[in-house]
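The following pair of complexes shares a single chain, chain A, combined with chain B in the former and chain C in the latter.
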Partner chain A sequence: MSSQTLVDLLRGGVVTLKIACGAWVVSAVLGLALAVLQDLGIAPVRAVQSSLVIGLRSVPQLVLLYLLYFGLGAVGIQVNSILAAILALGIADAAFSAEYYRAGFMTVPRTQREAGFSLGLSPVGVMMRVVVPQTIPFVVPPLLNSFVGLLKTATLAAAVGAPEILYRGQNAMSRTGQLVLVMTVIIVLYVAATMPLTRAVAVLERRVRSHAHG
Partner chain B sequence: MRTDKTIGGLDAAAGAGPLLEARGLHKRFGRSEVLHGVDFSVRRGEKVCIVGPSGSGKTTLLRCLNLLVEPTCGQLFYKGAHIGEWPGGVKVNVGRYRSRIGMVFQHFELFPHLTALRNITLGPRHVLHEEKAAAEKRAMELLARVGLERFATAHPRTLSGGQKQRVAIARALAMRPDLILFDEPTSALDAEMVDEVLNLMRRLAEDGMTMVIVTHELSFARDVADRVVVMEHGAVVEEGAAETMFSAARSQRTRDILRVGARR
Partner chain C sequence: MREVISWVAILAGGLIVTIKLSAFTTLFTIAFSSLLSLCAISPWRPLRFLAVLYNDLMRSIPLLALLIFFYYGLGRLTAPLGISAFWLAVAALVLNESAYLAEVYRGTLLSVPATQWEAAASLGLGWASTVRLVILPQVFVAGVPSTLNNTIGIIKNSSLASLVAVNEVTLTATILVSETFQPMQVYLVLAVLYLALIVPIGLVSRRLERLLGAGIGIGDLHEPAEPRLAALPEA
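What follows is the complex of A and B.
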């Protein structure tokens, strides 16, 4: 493989990383917003929101991506392929992040909320000052896990022509015909990127658990 | 949420009437009624101890007073203003109402993600919207007042039970409340830590703080309380001036409860 092809793949890797990071931020923020809204329990919001979550979970990410990229294009809003991928993957993943947050909220005893209320905090204040901060250690490991997932689903962006790693890999394969070699390089890059992350999640999980009991 | 106009009453000077008054409070949880029409009031500067066996409704009464629990029936008045009427609901901004009433919990309920100092400044900063520097200065003064100025940066998990409860009291004081509700503040403490908390509460009482205290500490009640309310089965059995109650209570049941004390 020429060094130029390798550089090209690495550049693609950077784009993949960008998409995954962007989608992760969208997912973490939107997931938090969904979980907080659901917790505040305003009935109509809750109804809309839970159907949204179910909907998001059942739609394949690729469909969402096509919808955002081509659908918005059809109504005259031009989105670039990377941004469309960030939004589509982030929104789809937010449905899962929301569940991580909700599970985290359940670890905070009701009496903690009461302590916040007794100071005069509003329901939103109690969520943001008392409940959410205590939840963070519990949601960091699953959120990091979902980042690993996003690194992989980011390759879906190839379908709308985002110049990420798989897209460039396909080009390199058709240019050089070295299918196995190109795929092997991609696999090696992926393993190198995810292994330390997976280790970090395991370590963090152990730390959170011992902290919770200590 | 109502406008400031409705809660104007919260700011009015208390007249001759009680600071806080509950009339005919009923509270039902599902099929069981835990309060059967309780009348309760506290005047400014008064120290009221609520005693009685466990399950008598003391804690529920206390939690109704700051609306952590909404009564099923009854009325609540604060400085003469109508806070709420049930069935029906709250007539004021609940957050502002609660901010005037401190609460100290049996299990402290310090925020574990915050240092002692931040526990104390949370309310002033985010409810009263005080400047950070001012809130921290006052929090340090309060920590000194409860004898824990060295622990400003300590996290709750590193504090003893008695220290936690003293920080919790400082947290309540930081809001400059009109009164403080204490829900069995020493029940979760090891014996050797009970006195440090009770002594602090005695000092608060001497400083003129209005206090409503649910407690099993009868000698404390006898020393500190102006008035003692004895509850059983969700109703007030008897109430009166502390010295009368401990020496010449009318009912035999009161004499039993005050002599023997309630066991949890």
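What follows is the complex of A and C.
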């Protein structure tokens, strides 16, 4: 493999990383918003929220991506392929992040909320100043796991022509014909990026759990 | 409205392929991940090591990369044998999804208290008979919800097969878009079709989860309800 091809793949890797990071931020923020909305428990909001979560969980990310990229494009809102991937993958993942936050909220004793209310905080104030800060240790491991997942799903962006690693890989394959070599490089890069991260998250998870029980 | 109905009629053909693709993948995934999870808890160290290595490796490879590799790489070798893109996609999906489901099954197997293993050993049962007669009957029901969740993941991920020339519903929709130039509407109809396929499975799975959690079957043998840290398989 020429060094040119390798550099090209690495550049693709940077784009993949960009998509995954962007989608992760979208997912973490939107997921928090969804979970807080649900927690506040205003009936109509809750109904909309839960159908949104079900919808996002049931539609393939690829279809969401097509809707954002081709769908919005056809009604006059041009989104570039990288941004479309960030939004589609982030929004789809938010449905799962919301669950992590919600599970985290349940670890906060009710008395904490009552104490917050007795200090005169509003429901939103109690959430943002009392409940959410205490949930952070519990949501960090699953959110990191979802980052690892996003690193992999970021390859979907190839379907709309974003120059990420798999897209460049496919081009390199048809250019050089070195299919096995290119694929091996991609796989090695992926294993090198995700395996240590997965291991680290597992360790972190165990620590958080033992800390919570101890 | 009439337009939408004609689209649905066209998409139905692709939907059947999606269902077939997902059904075959689910069946083979259940078989392969059962085997993998048993290997992962086997008393024989090399087998355990291989199973864990397989799971870790497979879970760090993007599914789309695997599909593309199978289609462009293996495809050249298997085409003369009459193996279609459909079966290549099934193979890639099974190999990938099994790694995730095997991890879930492994957790379920490990949730059986050690005393059960000890009791079986004290009755003179070997490893294989212990698994078959004591362990598996206890985890069988408990594994159903996670298997259904995995099936949901498989249906969603089967959409990636559209990128390697399997004429399932997403590819059918993409072709329809190239004829109608109405991506928003067509892909929305496609999303609704996926919802119709997946939401019922999700409802059954959640219902079962709750039933099992309520102590019917062996729900009470499991760890107390905790945040579902193991995410559903990503694409």
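Please note the rule applied: the second predicted complex is superposed on the first by the 214 of 214 C-alpha atoms of A that agree within 3 Å, B and C clash if a C-alpha of one lies under 4 Å from a C-alpha of the other, contacts with A are read in each partner's own complex, and residues count from 1 in each chain.
Quick note on the criterion: contacts are C-beta pairs under 8 Å (C-beta built on N, C-alpha and C of every residue); 3 or more make two chains touch, one makes a residue touch a chain.
Small disclaimer: the values here were computed from a predicted structure and weren't measured.
Because the two structures share chain A, they can be overlaid on it, and in that overlay chain B and chain C fit beside each other without clashing.
Of the two partner chains placed by the overlay, only chain B lies in contact with A:T111; chain C stays clear of it. Note on the composite model: angle chain B-chain A-chain C, taken at the C-alpha centres, equals 110°, rounded to the nearest 10. In the superposed pair of complexes, A:Q61 makes contact with chain C only, with no contact to chain B. In the superposed model, A:L150 makes contact with chain C only, not with chain B. Applying the stated contact rule after C-alpha superposition, one finds that A:L72 touches chain C and leaves chain B untouched. Which of chain B and chain C touches more residues of chain A: that partner is C. Of the two partner chains placed around the shared chain by superposition, neither chain B nor chain C is touched by A:G161. Look at A:E205: by the touch rule set out above, it reaches chain C but stays clear of chain B. Closest contact between chain B and chain C, by C-alpha atoms in the overlaid model: 20 Å. The intersection of chain A residues touching chain B with those touching chain C, taken from the two complexes, is empty.
Of all residues in chain A, only 54-55, 57-64, 66-67, 70-75, 96, 99-100, 103-104, 106-107, 138, 141-142, 145-146, 149-150, 152-156, 158-159, 166, 169-170, 173, 179-180, 183, 186-187, 190-191, 193-195, 198, 205 touch chain C in the complex they form.
Touching chain A in their complex are the following residues of chain B: 66, 68, 95-103, 105, 107, 109-114, 122-123, 126-127, 157, 171, 175.
Across the complex, chain A meets chain B through its residues 111-112, 114-122, 125, 129-130, 133-134, 214.
Of all the residues in chain C, the ones that touch chain A in their complex are 56-57, 59-65, 68-69, 72-73, 152, 155-157, 159-160, 162-163, 170, 173-174, 177, 181-184, 187-188, 190-191, 194-195, 198-199, 202, 226-229, 231-232, 234-235.
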